[in-house]
Structure formats: structure tokens, C-alpha cells
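Two complexes, one shared chain (chain A), two partners (chain B, chain C).
Take a look at the complex of A and B:
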């Protein structure tokens, strides 16, 4: 996978997390996976289709998701309820929108699906034939992994 | 001597959400995300605005607007929504009430739709992520237009 696809997502995840959570964000070590990747517990999935196709996964533990949603709402949320899920969806929307604007400026044209939230234990994601690039973002509430598997349309 | 007299009056600014006569501006919030609805609602109520209603898609927005009219001063309208998008809903609301004050709420990267909305009569727009200052500034500006 070409690195120019992932950079916009990393940059915008960094910017948006920093802005909405008002906290320090640091980038962990980037890694590449060609087999199944474990999902941390709460994952927001956005699909892409057009000149490039694939998917982006914003992945975090349930505890991290609840804390992030609490900060974004300015109130303590106790569980991953509808409001918390709507909040994580919106976070994924904001990060994706900013990244996609950058990719459109680079000349890539494609459409997005609305984010879908997956929750559960012991989940894995497999993207056949496309390697996934994973960039962990470390925030005071845990980590958010940006998991991108995109390829040019054949 | 009254203690009050010793201090300069720094807090007698009228909250942005109140009209000259002291009654609140009434706002209809349209967004399919519960999070955004809540966020806008909190920002507005903290400044004295009244939330007249909430709608989660374009069709509901039109229905609510007609139901509330003329007791509604402003609409915040999300662009991307299920069933009917915000631009279409804006168009229909403007057809119904040519003096409607609609502020578009947009994700980054929707410049074309924002431009189209402004041509169709939207008073202003706000790009997400939303913050208090940005939301109040744009909404107050639109009410004065």
C-alpha cells in the first residue's frame, strides 16, 4: 500500500484528537499487517470506493471509547450507550472528512460510507489481498489505532 | 454601603440568546448525530437560547419547521443526513418561508455543498469540529443579518 494514502489519516487523526480532546497526542510505531488484525473492542469502520478502495478502522478499547466520549460530551458516561456510540461515530466522521479533503486535493476521487460501529470481545478484521497499515495514537485515555487498508482500483 | 457598588459592573452583558425584549431566540436543531445535537443544544442553552425542536433528517426538519412557524428564529442544518439531505431541506424551507434563517453545519470537504447552500439562501455555515466560540459567533451573526 502506498504511504501517501495513510499520511492524511494520521495527520488528521492527530489534529482532530488534539482539538476535540484538548490533550497531548503522540504517535506510536507504525506497523504493517497482511494477516488478520485483532480489534481492540470498539471499532468505527468507514468504507471507501472510487479511484481508491478499501476501508479505515478507528479502533480502541471499550474503556478508552467511554472516556473519549465522556470528554467530548463534557460529562461522565458510565457505559457505551447510544450517545457514546454517536460520539465515536462523529469522531470518525471528523477525522475521515479532514483526511479525505487532503486526498481529494491530491487528486484522488472516491466516496465514503457512513461510519459503522462494531463492539465486542476477541474480534479480528481481515482484508483479503490488501495489507493494513496501523498507526497507534497514544492519548491520556489509552490508544486509538488508525487501521487503513486501501488500494488503487484495479 | 452595598458591596455591589464597590465593583465595576462587568457581567451585565445580555446573553447572546436573548432578544431585545428579553425573550429567547428559538432554534430548531437538525442533525442525525445525537452527539452533535446535544453539543449544539448545550452551547445554545448556556447563552440563553431556547431549543424549539430537534429533527434528525431533512423531511423531519421541514415538518418541524412548518409546525413551529412562526415561532422559530433560526435553524441549524446538518448537510449529510439519511432520507433527505440538508441542502434539499434548506431549499424546501426557503420555499415555505423566504425569510427563514438557516445555518449549515458541515464536515470539512463539503465546500461545493456549502456554496450551493449559501446560494439557496443559507445565512452562514459552520465547519465541524464545532466549538463554542465558532457556533455562537456564526449564529449571532446570522440572526442580525
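Take a look at the complex of A and C:
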């Protein structure tokens, strides 16, 4: 993945999480992965198209997702209902949008698809032919893994 | 085939006449540590009982001494000690043994007890299985069954025979040398080639551990040369050969690294690169630079390529799996002095120092990428991968070289590290000059 893309995603993930959750956020070590990645439980996916192609996946456990949704809504949610899912979708949208805005300023142009959310146990995601950059973000409610797989169009 | 073998064995047991027709290999059988062995009877001069050895000082423990065989002095080896098997002490001091007639000399061996002479069909001999425990499998020439007992046939020429013609010296001396080379024996022989090999193997291991540097045909020639230098250097300093830390591994690898991987190429070095690419023609070019580090060599190559072919439509894929290095590459700040002439048209003064213009930068994709993952690059005119392959595991080395071959255009050039070469040399044609180890595809 191009180096220029990395920072906008890391920065916007950090900024957005800190802002909406109003808590301590720390970033884990970045790494690359090409094999299929297990999904922790709740995954929001945003597709990219344009000069580049690929997708960004926001991955967290169900418990983390419920807690994050509770904080963002300002009320205690008990399960991953429609409201909780919509909240996680919105979080994904905010982070991606901010990253894409930064990239647009740098001269990279691409479009986003509306986020889709996947939930379930024992899921994996594989993106053939693209390796994924994993950005682990640690918040008090658990871990959010941002899984970015983008490539240039040849 | 297995059917006929079974049949022969059956016939051996039931009908004696058939067996006698079949047998064409005779061996003397004996036991060692409770197991049965055989030696080709053609190698056995006689069966003997040894009673009075003359002890010879300063020999390996398995040499029991010398023996006077009717006026001829022969040396006596205890096979049980030789193979680290338990030795039964005999009260009367008389040992069972065989006198072997080898190609060049006669030698006596001590065994537990001599059994008998057995005739077998040589086609019944089966190759040894590699997991035989007590005795190193390379000294066993085969396994054969006779009357329900399995016999391991020892290859005495390999055991005691002279390995090199150089050792035409006195039989005993030659014997000691050839024995000293057997890895299973815990003796400290004089300085010899075999000892160097052990040290070298040790260095291979430590390079792997400390620097993940894998010695394979890619860099073996360098290692051989470097090892001799190292031995001399360390000898002078009075230090031993072993590498005990990352620092020492770095010191060992000092001569491995190619020139100017972490700085812009100076003009005279650049000239020899231009020499290398002078035959390129066309308009659209792709360059792949895996392991580009901070991007110095990528900028050098890109600028030089444009100097050679000014109107080229050039794209460069530069990758590294070190996030810190690759992150600095797109916004590299150059030193303000001594810049090579070819880079000057592409430099611009910025706030932080001298940077590189977008005219050059826009042709390069710097990617954070692991070269062992899927490489999405087009067919390339030039692949520049200096000092990369050696730091991958042997299997990955073969894989990546294969991928280089696939991704290279028919007249494309592969540049490896100065001390590296491709494994499958037949697939490549060497076109190196004094500064670059470069290859083209061998197209028949």
C-alpha cells in the first residue's frame, strides 16, 4: 500500500475515536497481512473506487461495539440492535470520510461506497491480490482494528 | 518386484538347491552391541583372535593399538567404541576380530563375536533406511534378511578407506585423518578442512539467528571468501571464530552489503549504471525496487533512467516492509552539499532543506509492502533488489527469484546485491560490470 495513504487513516481514526468517545486512545504497531483475516465479531466495511480500488474494514468484538455505541448515543445499550449497528456504521463513515478528505487535499481522488455492517461468529475476510494494512486502535472498551486494503489501478 | 523378493526368501528357507544357485554375495556376519552386521567376504582377509596389542599413545580411543600379524604390523580399531556401542570386557583379554583387506592397506577390527559366513543373492539387498539409529547410515551399504535375521551390511571402504588421494602417507596416518573426518567421533584432530566446515556451519546458523541472513547458493561464494578473511582477522586479534552477538554478525556481514544502498549514487557509480541500461529503447518503462529502504537508490535510478531516456513514460514501484524507512521516502530531505549532478534538475529548496520535485516523485509509488505477499506490479524492464534476497528464508529466496523471472520483460535486467547471484544460474545470463551484479533472462 502506498505510504501516502497510511497516515491519513491512522490520524483520522485516532482523531475521530478520541473525539466521539472522549477517552484515551492508543495506537498499536502497524503491520501487513495477506492471508485471510479473522473478523472479531462486528465489521463495518467501506468500499473505495476511483484512482485506487479496495476497501476499509473496521473490526471489533461485539462487546466493544455495544459499549462504543452506548457511549456515542449517551445511553446504555444492552444488545447489538439496529440503533447500535447504525451507530457503528456512522463511526466507520466518519473515520473514512475524514481520511478521504485528507487524501483529497493531497491530490488522490476516489469515491466511497456506503458502509455495510457484518456481524456473526467465526467470520474471515480475504481480499485476493491485495495485502491489508492493520491499524490496531486500543480504547478503554476494547480494540478496534482498522484493516485497510487499497491498491493502485495498474 | 516385491513379489519376486518374497518368493526368493521363501525358497531360501524351503529349498536349498535353488538358494545355492541364486547366491552371488557372501558376507561374514558378526554381532556388535547385540545387533547383527555383515561385511563383504571379499574385504575380509581372515578371522582372528587378537590377544596382545601394543598400545599407541595419542590416538583416538577407538584405536586399540597395533598388532603383529605374522610380521606385518596392522592397526586395530574397536568397532564398538567407534560406533559408541557398549563394550563387554573380556576376562581372558582375547578379542574376536576380523582382518580386513582394503584397497590400500590391511586393518584389524574388533567385534563382539563372529557368527558365520552367509551366502545371499545380491538382489535381495535393500537400501538402508535413513533412520537407522546406532550407526551412521552412510556407512551402511544395505540391509538383507537371512533365515529370519536382518543383517546390516557395513561399507568398510567408506568406513576406513582413504577419501582423498592426497593421503598417500603412512597407512596409520591416513587412517587417523580419514577417521578424524567422521563427524560422530569426539576427537580433537589437527587443523583440517573438516574443522573449518564445522565453524562455517556454525557461522551460517548464527547469521540466521542474529540477522536472518540465510546462506544459500545466492550468497555462498561470498561466504566462502569472507570466511577465510574472517578466520585471518580473528586469528590476528586472537579471538575465536564464533559470532556471539548481533554486533559481531554485523561485523561479519560488513563486506556483504552493496555500495550506496542508503545514499544517492555518486556520479562515477551512476555512470556504470547508465552503461548497464544503454541498450534500453522504447517509451514505456516499469521499474520494480523491492527493499528500497529510505528511497535513495530509487531516486537515483529514476533520475538516471530519465537522463538516459528523457521522454520515457516511467513508473517505479518501490517497496519496503520497514514502515519507518519507507515513510520517510516520499518526503526525503537531501544533504545540501555534494549532490550528484544527475539529481540536480529534480531538486527544490523547501522549508526543511533540499527536497525532490514532484516531477520525479510522481513517477514513483512508495509502498509499505511485504515482498512475500502478492506483488501487484506490471511486467518490468528493471528489477533492482540489492541485498534483499539473502535475508529471506531459503524457500522464499527461490520463490522470489522465480517471481523476478516471471515479472521481468524478455530483455529486462535484474540487479541483485554485489555479492548475490540467482540460484538457477541456467535461467539467467550474467551481464555484470564492476559495480553491479546484473542478469538478463536466458532466452534460448
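Keep this in mind: the second predicted complex is superposed on the first by the 154 of 154 C-alpha atoms of A that agree within 3 Å, B and C clash if a C-alpha of one lies under 4 Å from a C-alpha of the other, contacts with A are read in each partner's own complex, and residues count from 1 in each chain.
Heads up, the rule we're going with is that a residue touches a chain if its C-beta (ideal position, glycine included) is under 8 Å from a C-beta of that chain, and two chains touch if they have at least 3 such contacts.
A quick note: this is a predicted structure, and the numbers were derived from the prediction, not measured.
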item: Partner chain in contact with A:92 - chain B first, chain C second, else both or neither; value: neither
item: Partner chain(s) touched by A:30 [first = chain B, second = chain C, both, neither]; value: second
item: Contacts of A:68 with chain B and chain C, given as first, second, both or neither; value: neither
item: Chain B versus chain C as contact partner of A:129, first or second or both or neither; value: second
item: Touched partner set for A:16, first chain B, second chain C, both or neither; value: first
item: Interfacial residue positions of chain B with respect to chain A in the complex; value: 33-36, 38-39, 42, 80, 107-110, 128-129
item: Chain C partner contacts - residues on chain A that touch it in the complex; value: 1-4, 6-7, 30, 32, 34, 128-131, 133, 151-152, 154
item: Partner chain B, residues of chain A touching it in the complex; value: 16, 19-20, 72-74, 82-83, 86-87, 89-90, 93-94, 97-98, 100-101, 104, 114
item: Chain A-touching residues of chain C, taken from the complex the two chains share; value: 321, 323, 326-327, 329-330, 365-370, 372-374, 376, 378
